[in-house]
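You will see two complexes here that share subunit A, one where it goes with subunit B and one where it goes with subunit C.
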Partner chain A sequence: MAKDRQDIPLGTPLQRVTPLIITFCIIAIVGPWLLSAYWLNTFTTVACLTLVSATVALLYGQLGMVSLTQFALAGVGGWVCLRVIHGWGVPFEIGLIAGACAAGLFGLLVGLPALRMRGLYLALLTLLVAAAFQVVVNVIGFPDGGEGWTGKVVNGQRAMIDRPLAASSDVAYFRYAVIWMAAGLIWIEWQKVSRLGRAWALIRKSEAAAISVGVSVVKYKATAFAVSGALAGLAGGLIAGLNGQLDNTGFHTSQSILLYALVVVGGAYHWVGAVIAALLIRALPALLNDHGVDGNLANVFFGFALLVSLIQGRTGIAGKLADFYKFVRMSRIVEGSVSWGLIAILLGVIAYALSWTSFAGAFFISLIALLFRMAIPGVLWMLLGFFGKRTQDHAEALEAKLSLRLVKIMKAMGLRPDHRLFKRTLNWLFIGIFVAWVAWGVFGLAYLSALAIIWGALGLKVLWEVSLYTYVLPWRSQIDARYPKPFANYR
Partner chain B sequence: MIEIKDITVQFGGVRPIDSLSVTLDAPIVGLIGPNGAGKTTLLNVLSGFVTPVQGSVTVAGSELTKVAPHSRAKHGLRRTFQTDQIADDLTLWQNVEAIADHAHFESSAQAEEAVAKAIDYVGLSHRIHRLGGALSTAERHLAEIAKALIGDPSLVMLDEPGAGMSESESKLLAQIIRGIPAFCGAQVFLIDHDVALIDACCEQTMVLDFGRLLAKGPTSEVLNDAEVRKAYLGEFDELEEVA
Partner chain C sequence: MQMLIPFLVIGISVGAVYALSGVGLVMLYRASGVVNFAQGALGGLAAMVCWQAIELGYTDAIGWLLGIACATLLSWAYGRYIAPTLSQQDRIVRAMATLGLAFMIMGMAQWFWGDDPRRLVLPTDRSGLEWNGRRLISDTRLLALGIALAVTVLMAYILAKTSFGLKMRALQSNRMLSSLVGVRVKRIDTWAWVIAGVLAGITGLFMGNMVRLNPTVLTFLVIPALAAAVVGRMTSLPLTVLGGLAIGVIESMVILVPGLSRYGSATAFVVAIIAILWYQRHGITLSRDNSHLE
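So, the complex of A and B:
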């Protein structure tokens, strides 16, 4: 029997949200330096959608309830926010909070009949609500300073709302949106390890068991619906503030379904999943559009990604990342981040100095090359697996045969034999040719420069390993002793 | 003390429990019976998930027949389920703390003390930071018992706590169950198929068969009763066997 490892405490709620606070502080500060105006606007939307995704994940991950109304609830929040600001000329924050309250109330109303429903029926009900919202909004439109309770201008100039005074520029508004989004995510994360989250855990395990210990299932489910409605509404208000107005086409029912699917892909049990879902739904199509590819192509990828995450289990990309973080020693993560970062910065500076491409472009390509260096063998192995175990075995045998022959030749030539040389060469060739081809096609970088950056990155990593290992190893064991991993906590 | 007066449960044309009247007053009471005898239905009547068509239930002096299921915890009723209800992604401590959240302690310090005491009582203090999903089957069953001991219960109902346990684990379980009345003053109502466990724990045992009370009394007498052996342990007289 394996020896029991000591379990490590999960930590206080404050300790649990610290990584989240640090991440979003860095994003809020560094983001505007790296992003162009187009990308800054895209990422502000991503921040808002992260909050909406987090509410979908909250209902699905914490209570197992599928809600397809969250996007429509963002629309409700945006509508009320616009209406209040146009109607009474109140500051932006008041409109935002009014929108959140209205959406929370609406979410609660949707949730009430849903308290006795689960699974498919709940999904259908919420889908119908989303569709109904779309119909209503198509008829009355979003307020833009007109008369009447709908506040819609009939023939004339649409009025815009002002952004908050402290955040009128695009950069400031990006930070403003990130702060609201982070506050929402921190609140959710905090609750997960507090009384509310524990009650949710009891309910999702079994409603009967929860009832038998005196948990009011109605109260806790209703709280979840109201809070997730309010946070989605807040996000809707933030989107309204970004553009100054909202468009009828922005809150299509299909977006609600897509958002739910992407939350499953991103991972509903970890806050990173909400960020990934928002990036996929808005940043990926924007990236494709930016390079002259139709953004709708992303939907094909989404379908494939959903299929993979359903086969792979329900934890999504965020769950896989969390597993990776749990199983890989701390020292390797630290060393990897430092070496990858230094290599990417160095190549970024060189490429910029030689005016091949921008600093960010070379930085990004180096990181991709280093990531592929680790990931490609595993991915290929998985792809071979689709053809069956025998194909995998044949490929392995063939590789072993060729490697042994190569080792014999190296020995005959008086060199120190390397059994993995053949595999590594293939890996380097593939990464170089493939990534450089994508960089050439998508980023418009000269093929040879891209190849130089990619192989430069891989070469520098090998150089790092060969030259610095004797110094790095003791340092690494110190880190592992200081931050052990709670292996026994694994599921 | 559990007083059951003339309880009848009807599901369509089936009567899982048929005008059952019994008073259970020993600190640890066992309930056995063949499959379909109405054991779990009786437990569900006690915890309020099944409403009887007639009759009344009184536990520790409070009449519970009309009390809603989620309010019965306030009257000191606790139960475990046949399948354990440990949340995989909460630690053992959090799993037990989730119960303490709803048990009306005066301060959070008191709640924490109760959680620590309950976990210590079932012997899992070294596992408090382990995630529910990483606990062994026996540990999960013991954690379920710890959950049921929170907040001064008056009646702890255990539905097959020994399922899937090895013999040595089962012995430990018997020891833990025997100590519950002394630990928190609660009466224990134990359902299990494992007659050895019932024999080791219970002073008093009742036997159900087709919704009717077959026998009730001191455990050793009940287990040796000819009717009980016939219905439950599957013993036949020689004549029947020949025929």
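So, the complex of A and C:
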């Protein structure tokens, strides 16, 4: 089988967890500003479902086990949470914890036979459990303050549970749910690179190998099942708290199956995948609904996406995003664009202050210059080729000589030497002449002030880079070491 | 006793359809190692297409043929063009991929036909066996039972006695070695998908008639069929049939037990879970899994 992931992710636990903390802090703070009341509640549900999909991803990504029962486990958690709160009138958190414990126990119970089971039968067993749970919950219903052990009101007003005191408004409850969800995800991410994660990786690779080095397969598999059950149950309790009650129809078997499918689509090896899965299962149908598209078409899309992601390497959308991120880091697009964008803004301000042209005009001219920068060196090199290969060689030799001299000067000045600086300066001087001409023709700008803008930009960029190089270069080499360029070895 | 017989008869006929669906699952699993979660969706599609054809004024026979042909065609296309791209993967991945197919068919059918209440009427519904002046069993149910038994015998014969069956069993044992000795793996595989498609279509028609004509409901009726197949350890045809019949009978008899009657539809799952645990306790391997050799 193709190797489609790292066995254990890179980095220390703290390094793995930091982006998660930052992301969820931003979401918790900014989210309520951006969302309307309807979407806020949708996204609270998304936060709860993220936790459920994270448990599916934990079992599938870390241990290679397919569990189709996680949504039912959320149902168990929600049931117990409602029952405990209605029965004893305890605070919300205690109900939540009770639900999580019950679901964890239930998950362990389902998982126990799985300890000796091969992949396919585990999937079937969990599917059957989920289907049986659906039947049971359809009959007994979720507790709503009635008599008897089912706590079901037969005829009359259904009672609701209260939200926690600290989070009674919708906005506060959104943040409350995000905090619980983030805590669960952070715990999982932390474990991935700790003792538990290493044991899971080894068990997934080979149970025999794990046993031979003294890793207890039973213990670690059971831990995974109990923890994923507990987290799913926690999410169930959170959903119950959001609406004050639960509905039988929400825990259909199809939801459990769909959740697994979407975790595969989102990506089971990264926490972003869990977020994507939750967004797809709840936010996408809501979005389609908003635009009057039939929600059933979402199912067609999900099925198609599942097929595609199973055929292509199984890292899902999160994997694709990670690849894209690596590409961006590797090609230094971000670094170049940021420095150029800042210079363009600065230049615009200067040009405006000296009333040569408008701010926007100067800004756009420098951006056009950036575009030319990408095309012109190649064109020039080609033109030079018309005079023969020798001319090209001479030009190269001359350039190398001058570069060396510049490097020496920079060293003498105590700056970090850059052997490419000379070539780039030359490029820019040349491009300036062209672009100023364009500015003169197209924008009706005086040729000399356009040239001044562009060469000014060049000067700023050179100054900027030379003065910052001491810091930028080590950072660059760090990136290069982490994301080696393809074909780098053939040089 | 007088009261029990109608329930028993209904149970047996529903069980026979579960068994038929389970036989389709087992056949495909034995040949290509794929647990086909899309079996129910294919059947649902067949039933809906059949209903649509009859609604448009075609004769019943054309409707049935069209329905079964649709299911078969889709199953063939999947088995011929999509399943081979996954043949190097784990069994679990190949099984989950059919979930993708199931969602696509279900979504399409649900989008096209929606949730309106419908009935698929078969001509055999009107006649039946009479006993003591009362209708005991409709011919549709008799037909289902008959077809289930006949198909099982036929499949068992094919597997045991024909060279085609021998090749299928070779594939089950080890795909790479079979291709080395000259078995045309892809062709046999595709034929298995075609057989599975035909069986899915037939079951779909019966289910649409007996249970409910709704794409989503029919899609998830694959779970009781899976339960029957699990009782047969995904390998044994007779055990699968027995499992299906037992599930059907218990499911319909439970209605008579006070307090349990509303849990009837969980029978299949409970039976299968007990079967899995029992097999495991007694050290009976649940189908030979040779994926480590593939």
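What we mean here is this: the second predicted complex is superposed on the first by the 319 of 491 C-alpha atoms of A that agree within 3 Å, B and C clash if a C-alpha of one lies under 4 Å from a C-alpha of the other, contacts with A are read in each partner's own complex, and residues count from 1 in each chain.
The definition used in the following text is that a contact is a pair of C-beta atoms (placed from the backbone, for glycine too) under 8 Å apart; a residue touches a chain by one contact, two chains touch by 3 or more.
Everything numeric here is computed off the predicted structure, so don't read it as measured data.
Contacts of A:217 after superposition on the shared chain: subunit B is touched, whereas subunit C is not. In the superposed pair of complexes, A:198 makes contact with subunit B only, with no contact to subunit C.
Within the superposed three-chain model, A:389 lies out of touch with both subunit B and subunit C [touch as defined at top]. Once the two complexes are overlaid on the shared chain, A:206 sits against subunit B while remaining clear of subunit C. Taking subunit A as the reference, the larger set of touched residues comes from C, when subunit B and subunit C are compared. Touch criterion not met for A:416: it reaches neither subunit B nor subunit C.
Residues of subunit A touching subunit B in their complex: 7-10, 193, 195, 198-199, 201-202, 204-206, 208-209, 211-217, 269, 486, 488-491. Contact residues on subunit B toward subunit A in their complex (touch as defined above): 47, 49, 69-74, 77-79, 81, 85-91, 94-95, 97-99, 101-103, 127-131, 133-134, 147.
On the subunit A side of its complex with subunit C, the touching residues are 1, 64, 66, 113, 116-121, 123-125, 127-129, 131-132, 135-136, 139, 253-254, 257-258, 260-261, 264, 294, 296-307, 310-311, 314.
Across the complex, subunit C meets subunit A through its residues 35, 82, 85-86, 88-93, 95-97, 99-108, 110-111, 216, 220, 223, 226-227, 230, 262-263, 265-266, 268-270, 272-273, 276-277, 280, 286, 289.
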